[in-house]
Every structure is written in structure tokens, then in C-alpha cells.
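The structures considered in this document are given below.
Look for chain A in each of the two complexes below; its partner is chain B in the first and chain C in the second.
What follows is the complex of A and B.
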């Protein structure tokens, strides 16, 4: 503490150490938040359903997605990445996951939404198993914090069916 | 900066920074604003550095008093003993 340089060094190192500690506690405080998100998805319309020339089934859907993810946001949340996946089982794969729609929610004010959209990414099966297939729509989310640990969870919505014939 | 000043400046720096950190964290958590926490803490760091880094006259109130030169002359150092050189001579 005898010289200018010594004092400024001590001050900066100590302040940065405390800053790291504050960020760690801020990240830890996220554990006290117990979110209760809700979501509802309706398949409004099967736009088309076909077998591609290479033999794989592909379907185009119009979805009505409404969700309230406001409880995911805490003071330490930067943004929430959310995606809707179709999940089903085939003889070849125990779990098929196909992302149909995704979005980035930048703030709590935008976390309660209702949108209508056709699937953003192709709903294509690895094979020809989609006729009459029962599938789940699962809303996955990743909570990205300002500092610390990232949280991920999902909400499974079961009981959707694809038509028995191509159209 | 004298010895007491150095001790004071170290304690001041640590206490102030910890206090600002606690205030910033509590305010940020209550208001639900991470940005507020960062601004309060940054302000605290700037304030603390202004208070503790420059050599304020406040930290020089206990100057060391050195012995007067005349005082040193009253107690002269003992002269090197001449016996060692004699021993060396006898060995040769």
C-alpha cells in the first residue's frame, strides 16, 4: 500500500474478486425460482402430406402456438431460447425429434405469446412411418442467464395424430 | 503515505468495496435489475479508488521521526576488531 501502483493493483484485484463472487451468488439465486410455464399447441391444418421421391414421408402443418413463459424470467435472465419439437417412435428409432419452430424471447414482456405459423423447419421422417402416426409436440426451452448456469426444461403435449393417407 | 495511512487505506478499501457489493446486490435483487447492481457496484469501485488510490494528506498524519544525525554520532559503531587479521597472519 506504499505506492500508487500498489494501491491501484490491490483495489482492482479485490474489486474483481468481489464481482466474481456477486455473479456467483446471482447465479445461485436462480435456484429459488420455481417456474410454472404453460403452453398449448393446436394443429390447425395439414397443408400437405406426401411421400418424397426418395421414399421419406414429409408433412407440412399449420400450428397455433400459445405459451406463457414469463415465470422462467428472473433478474439474472438474459434471454430464453424456445423450440417446438415433434417427437415420436418408429421401429428404427426409439425417439425421433424434429424441430418444427423455434424462437428467441429477449424479455419477459415478450414471454407470453400466441402465434400461428407453418412449420419453420421441414417435418420429414427418416423413412415412411408418418401415416396415422401418433406424436407428441414438446416445447423445449433453454434459459440463458446473464451469469452462471444455463437451465433447460421441456413441456410434453401428447396426443396428436397424422392422417392415415397422403394428401 | 505513512505506516498508519497504509493500514487505514487497506481497511478502507476492503470495507468500502464489500459494503458497496452488499448494497448493490440487495438493491439489484429487490428491484430485479442486474444492470442496477452493476451500476451501483461500478460507482462504488470508482468512489473507492478516488478515496484510496491518491496519496491524500489525510493518510500522512503520522510521519516517522528519525533520529537526529547528532544522536547517531553519540553512539558510534564499534570499530572492526583487529584480532582477525592477526590470526590470519599466524596461519601463514
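What follows is the complex of A and C.
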């Protein structure tokens, strides 16, 4: 009954159970955090705007992004993945989401930032619908925990326009 | 060596009736593991509810050896989600983040482009030749939860099969020789 093997087994089972319980509690504690992030984005410049040889519109933007995501961080937060997506509707597609810029915030100290960036990924439409197009810029964030459930939310900033002519 | 001697003694003392009850308890362990796995499949709607991260392409979020819990439902796929997808002609599923989504008005079909957080470029190089987008049927599930390190057990067992056999053997021996 009290052999070496049994004691090892009991100890191992007990410690794994406690560890699992602690992970579950840590993940659950994230629910008590009610974040209030803020963000502001300006389109500084349209670098160029053209129709590619294959017929799709493509535009290059310079953006001024400032955000404060410090309230997203809790003790169970490993990192926050943040990205800015252009979202618009075309006759063919109900939703187009194009990530323009993204970044990984490793710690709370870096969660309040102001940067200027040209779009990191190509802003290309499926078709030629971008002239004069109204679009939203949406700041999305994905909170990656040290353990447990991942959280995601977004902040929609409407009312941006692309120019009416290629340049 | 007293422990090993004890174990050998207890194997010698196995009787027929005891043998059957031990076989049943072994069967119980195997079937309950199977029930849990299949139950998870039902609950999550994904054919592999748990995956182990094998590459460092999503670092620092997910490291090699971390475990992801997947969920699959009818909800539309959106940018930013971490999805697990299969590319035609590739056996191992990939876990990456969606960076572009184009959703059709009429059919509801989606064109999706993915990228690993730690990779420089997008995933078009990983897709089948000439494939520009992922569609709904390529996607096996989206990651909803995360547990660090636990996946190392499976990585070690697939890369060093000998450890797997030793482990299974030791467990089998323990079950056979245990007395209630």
C-alpha cells in the first residue's frame, strides 16, 4: 500500500491536479478585467494609388497610429497582438478585411504608443472598386494569455475615404 | 532493487480471476481515454480538438511544444483569428493568423490569407503551387485556448519512439501488478 511507486504516483497526480487547477483559476481571473483601450488613426498620405496590370486596385498609405492598450494587460497576459485592418464592402464581397499594420506588444510598458507607418501588407482589392471608396479602419487586439483562454476585441473607426482618382 | 523484486513477485502470484479483473481495468483506462477524445470532438466540432505546436512561426505567442485547443463552428472567419489549416499535398496542419479576408456576397465563400506572426512574409509560399487563397474547407478550426509546454510529451514520443514503448510498458506493468 505504501510502496515507493504508489507514493510517487500519488505525489505526481496531486501536483498535476493542483497545477491544472491553478492554470484554470489564472485563466478565469482574466474575466474580472474590463479593459478600456483607446486609439486614434490618421491617414497621413496616399503614397500611390493605381490599377495593377491584372485589374485589381492597389493603394499605399502612410498611417499615423496612436493607441493606449495598457488596460488589456493582466497578470496572466503573455503578449497582446494588435493589428489595424481596413474594412470595406464591395458589390462582389460583403466584407473585405485587409490587415495594414500589426505588432506584438510584449509588456504593459510598451502598450501606449504612437507610430507612423506605411502599410506593411499590400492593400489590394479583389477587383477595381477602391476609387472613392469609404472604409473603416479597425484596431483589433488579441490577448494571448500565459495559460488558458484567448481574448479578442476591436475598436472600429469609421469614415475614411480613398481618393476619387488614381495617382 | 526491492521494488523490482516486489513487482516480479506480484506477477508470479497473479491468479486467473485477478488477471481478468486487471484486463478489464486496463480496458477501462483505454476506453475512457477514447471517450474523452471523442467527446471533445463532439463538443468542439473539430476533428482534432487539441493540436501541438511544432514550429516557431508563431513565436513569441506560441512556442514549439505548446498545446492549442481548437474550436470549429459556423461563425464566419475574420482577420486576426488564429486558424489551423490543411494545404493540399501537405500532411501536417499549420497554425497561423488570418491577415486578409474577402467574403463573397452570394455564396458566402471566403478567401483567406494567413501569416505566421514570426514569419517575414505571408503564407502564399506555403500554399499549393498557384494557390492564392485559403477557402473554408481548408480550415480545420480556430485556436481558442492555450496551454504551455504540455505538448513536449508528444513531441518527444514521436521523435524518440523508444521512450513511448518504455512508458507504455511501464504503465502496463503497473496496472497488471497493482492490487486493489
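Here is the rule we use: the second predicted complex is superposed on the first by the 166 of 167 C-alpha atoms of A that agree within 3 Å, B and C clash if a C-alpha of one lies under 4 Å from a C-alpha of the other, contacts with A are read in each partner's own complex, and residues count from 1 in each chain.
The definition used in the following text is that a contact is a pair of C-beta atoms (placed from the backbone, for glycine too) under 8 Å apart; a residue touches a chain by one contact, two chains touch by 3 or more.
Not measured: the values here are computed from a predicted model.
S.K.: Superposed on chain A, are chain B and chain C clashing or fitting side by side?
M.R.: Once chain A is superposed (C-alpha atoms), there is room for both chain B and chain C without a clash.
S.K.: Between the centres of chain B and chain C, viewed from chain A's Cα centre, what angle do you get? Round it to the nearest 10 degrees, please.
M.R.: The angle comes out at 40 degrees.
S.K.: Can A:75 be said to touch chain B (first), chain C (second), both, or neither?
M.R.: After superposing on A, A:75 lies in contact with chain B but is clear of chain C.
S.K.: Just to be sure I read the superposition right, which of the two partners does A:133 touch: chain B = first, chain C = second, or both, or neither?
M.R.: Neither: A:133 stays clear of chain B and chain C.
S.K.: Once the shared chain is lined up, is A:95 touching chain B (first), chain C (second), both, or neither of them?
M.R.: second
S.K.: Chain B or chain C: which reaches more residues on chain A?
M.R.: Looking at chain B versus chain C, the one contacting more residues of chain A is C.
S.K.: Could you look at A:152 and tell me whether it touches chain B, chain C, both or neither (first, second, both, neither)?
M.R.: second
S.K.: Return first, second, both or neither, reflecting whether A:142 touches chain B, chain C, both chains, or no partner chain.
M.R.: A:142 sits against chain C, while chain B stays out of touch.
S.K.: With the two structures laid over each other on chain A, which partner does A:4 touch: chain B (first), chain C (second), both, or neither?
M.R.: both
S.K.: Could you state the shortest Cα distance, in Å, between chain B and chain C after the structures are superposed?
M.R.: Least C-alpha distance after superposition: 13 Å.
S.K.: Overlap the chain B and chain C contact sets on chain A and report the shared residues.
M.R.: 4, 146
S.K.: Would you pull the chain C residues touching chain A in the complex into a rising list?
M.R.: Touching chain A from chain C are residues 3, 6, 60-62, 76, 78-82, 97, 99-105, 111, 115, 117, 122, 143-148, 174.
S.K.: Along chain B, where are the residues that touch chain A in the complex?
M.R.: It comes out as residues 1, 6-7, 9-10, 13-14, 17-18, 21, 24-25, 28-29, 31-34, 37, 41, 45, 48-49, 52-55.
S.K.: State the interface residues of chain A toward chain C in the complex, per the touch definition above.
M.R.: So the residues of chain A in touch with chain C come to 3-5, 9, 23, 27, 78-79, 81, 83, 85, 91-99, 102, 104, 106, 121, 126, 140, 142, 144-150, 152, 154.
S.K.: Applying the document's contact rule, which stretches of chain A touch chain B when the two form their complex?
M.R.: Residues of chain A touching chain B: 1-2, 4, 7-8, 10-11, 14-15, 18-19, 21-22, 25-26, 29, 74-76, 146.
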